[in-house]
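We just call them A, B and C in the order they show up, numbering each chain from 1.
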Amino acid sequence: MVTIIDYGVGNLGSIQNMLQRIGVASLVTADPKQVEQAERIILPGIGAFDSAMTKLEQTELPSILRERSAAGIPLLGICLGAQLLTHGSEEGSRPGLGFIDAHCIKFNAQKIGSLKVPQMGWNEVIFQSTNTITDFMDMEIPPRFYFAHSYHMVADQEYVLGLTQYGYNFPTILKKGNILAMQFHPEKSHQYGMQILRNFSVWKP
Amino acid sequence: MRRVRVIPVLLLHNRQLVKTTQFKNPKYIGDGINALKIFNEKGADEVVVLDIDAFNRKEPDFEFIGKLVSECFMPLAYGGGIHTMDQAQRLFALGIEKVVIGACAISQPSLITNLANQYGSQSVVVSIDIKKDWLKRNRAFTENGKKNTGLDPLTYAKQLKELGAGELIVQSIDREGTGKGYDVTILQEISSAISIPVVALGGANSTNDFLKAIVEGGASAVAAGSMFVFKGPHKAVLISYPSPKELKEKLYSHL
Amino acid sequence: MSTKIITCTHCILDTTDDPSIVFDNDGICNYCLDYRQQELHNVPSADLATIKLADTIAAIKKAGEGKRYDSILGLSGGVDSSYLALQAKHWGLRPLIVHFDNGWNSELAVSNIEKTIATLGFDLHTLVIQWEEFRDLQVAFLKASVVDIEMVTDHAITATLYRLALKENIKFILSGTNVVTEAILPPHWIHHKSDYIHIRAIQKKFVGKPFKTYPLWNLRTRVMANLKGIRSVSLLNLIPYNKDEAKREMVAELGWRDYGGKHYESIFTRFYQGYILPTKFKIDKRRAHLATLICSKQLTRQEALAELSKPIYEPELLRMDYDFVLKKLGLTKVEFEKIMSDPVKAHSDYPIETNIYSRYPFLKLARPFWLALKSQLTKRNGHNH
């Protein structure tokens, strides 16, 4: 059972829809008691950093999420949800949850040349190591996913599981122990999204 | 290898899928839910659904949109009758990736800014529908191509970027449904002047048109309607989408 | 009452498929014997078939001289119609390809149709049925609890083909129906596809609105088609038609992709045959199809039994299709499950089309004049058959 956090931000329906399509049970909840019992968590999010962080901090969820992640429960942040797991973003002034040693910066205008910001569209993720999450069976690799963002994560090499190139290389999957941060939208990424979510649903970190 | 999005655009009219030519003479295409299911299985990068008579209604048709979204495992952008933050919020909660603003960009420009602030600019798309006026000048039109805003598209595009729009769909009304190719000139003019992505729409007939729009027109993505729903001399309704191989050979490898 | 199941020693049909099935002294069922008869009448021997095929092709070409198309071919994207299209190209025919879109096309069907017309260079015409109207009619048939829900589509296809033939003045409809893969079908599993009275009656009872766009193959269309000498020819009966070989040929020449089940080009058909029929009506349509293939020697009894041992519906696919079908039809799970548990009704529990002479006895008197008129008209049309 995957628990999808509802804190008033994010594309919950789509994530649940895709999980349902791949036969993974899920529960969308804002109830702290239910999150306390969660065995596997997805933190979604779209939009602006500060606005999302504010909404999240208006609930009891940050401390529960901290407890759950310390307990070793697999936790996946998607898009803005991924960014919230870092220490903070140039987009706003509020600190993030800080579960992963990373922060978020705006795309470097010089380095991307004529490419536009936000990055909107499909792009490849090159895995830096292999594990359950990176298993794409006989699908065509590298896998590609849908991105829609103006800010991206930066972190030390040891946490980088996936890299993407948009003008320059930057991390798009971060992993620290049982915590995963994915910059792209698996729920909008067809077969590739389904596979990575399938992998997440059986992952034993 | 650089990829660009290739985007089918579907028009809704009373919950029915239709296709127009120069914004007129809607022809019935069929059931939207099945059409989206097919595009989804064909691996379409993204789909835009525009409700062409929504501005007559108070609200988007949330129930139906919900059914459409549930068939999409790729981004779905929706446009038609969005004029409040609440409506946008509801759409995002349903799973719509981006909202497409049309007439409201003129009547309520602050909506764009508020949406961008709350949800991020990548979730706000504005469509610029362009037609030549009687003096043969390009002008932006709204309300299904009926109302001339008086604005020249380039000025309008810049305004929209300042307001916070994350992406612009630049559509040529004169070329829509004609298969005569995109208006590359206007695309080039706009894309070279602003830093946000421009999506080309109106007149596409082949992957060649896609290539031109990107290489000569500077578009970041290409969209089409007729090309993906009609086939042959009798304009038979048949949903198609270029295969990954075709896209690689005819488009990506030339970028 | 004996509950012992008796199975045919030749094909695989048994008393559960048709309680009134009978067997001869060798244990061979009436369906196998009936198959022989159908084959005798409709599938000529090789030499005769070649001549008949050549004659028919010549007639089609002659009737199509000076016209843009010489025939009409209904293409569903399935095996029979796709193979027929391929053969039509080899025979040098110029068919207008017609596809009836009832809103249930699978992506595979659409893809196969696209490849077929692109490779063969044929023109396509589609009739896209008004979805809401069609959906309401399908739901009506579901609520009517009658077995042949598919007749709603089959009827519309036929009507579309004939109407278009009338409009375009095309004399020949190329049909993919054939004996060797389809002949066997227990009669209580279907209803006459042409029964427009029945369709109209169910529409009236459960929907209550007249048809706006649904094409009825009504009396007028039939009379006009008859007068104009429009006929349907089943050319697959005139060639050695083997399903597996046909698929191989299509894969090689058209890039055709297999569906994995007969008529699975339509999601509704897949769901109807894989779930509704077995669950509500206790009918497994594969059995009839496999029995036919045994009789036409395309499959051994062993192979057929092996096929039957496979699940009729892959569970994941069933789950997805179940959700999708209910969503499209606008039915809740409760509503649908009620339909599924409602007692089965016979088609004859609702108005059905009876013989025209029993409805209008005076027509018996008019018949000789009718035949004479037809004879005059067909001579004028240069129609020699």
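Observations on the model:
By our rule, a residue touches a chain if its C-beta (ideal position, glycine included) is under 8 Å from a C-beta of that chain, and two chains touch if they have at least 3 such contacts.
Everything quoted here is computed from the prediction, not taken from an experiment.
Of all chains shown, the one whose average CA position lies nearest the global CA mean is B. By number of C-beta pairs in contact, A-B leads when A-C and A-B are compared. Averaged C-alpha coordinates give centres for subunit B and subunit C that are 40 Å from one another. With centres defined as mean CA coordinates, subunit C is found 50 Å away from subunit A. Rounded to whole angstrom units, the spacing between the C-alpha centres of subunit A and subunit B is 28. The residues of subunit B that reach two or more other chains are 70, listed in rising order. Annotation for subunit A: residues touching 2 or more other chains are 21.
Considering their complex, residues 3-5, 40, 43, 45-46, 66, 69-70, 72-75, 92-95, 97-98, 117-123, 166-167, 195-197, 220-221 of subunit B touch subunit A. Here subunit B touches subunit C in the complex through residues 15-16, 28-31, 33-34, 37-38, 41-42, 67, 70-71, 231-234, 236-240, going by the rule given at the top. Within the complex formed with subunit B, the residues of subunit A that make contact are 11-14, 17-18, 21, 46-48, 51, 80, 116-118, 120-123, 144, 146, 148-150, 185, 187-191, 193-194. Of all residues in subunit A, those touching subunit C in their complex are 21, 23.
Those residues of subunit C that touch subunit A in the complex are listed here as 316, 319-320.
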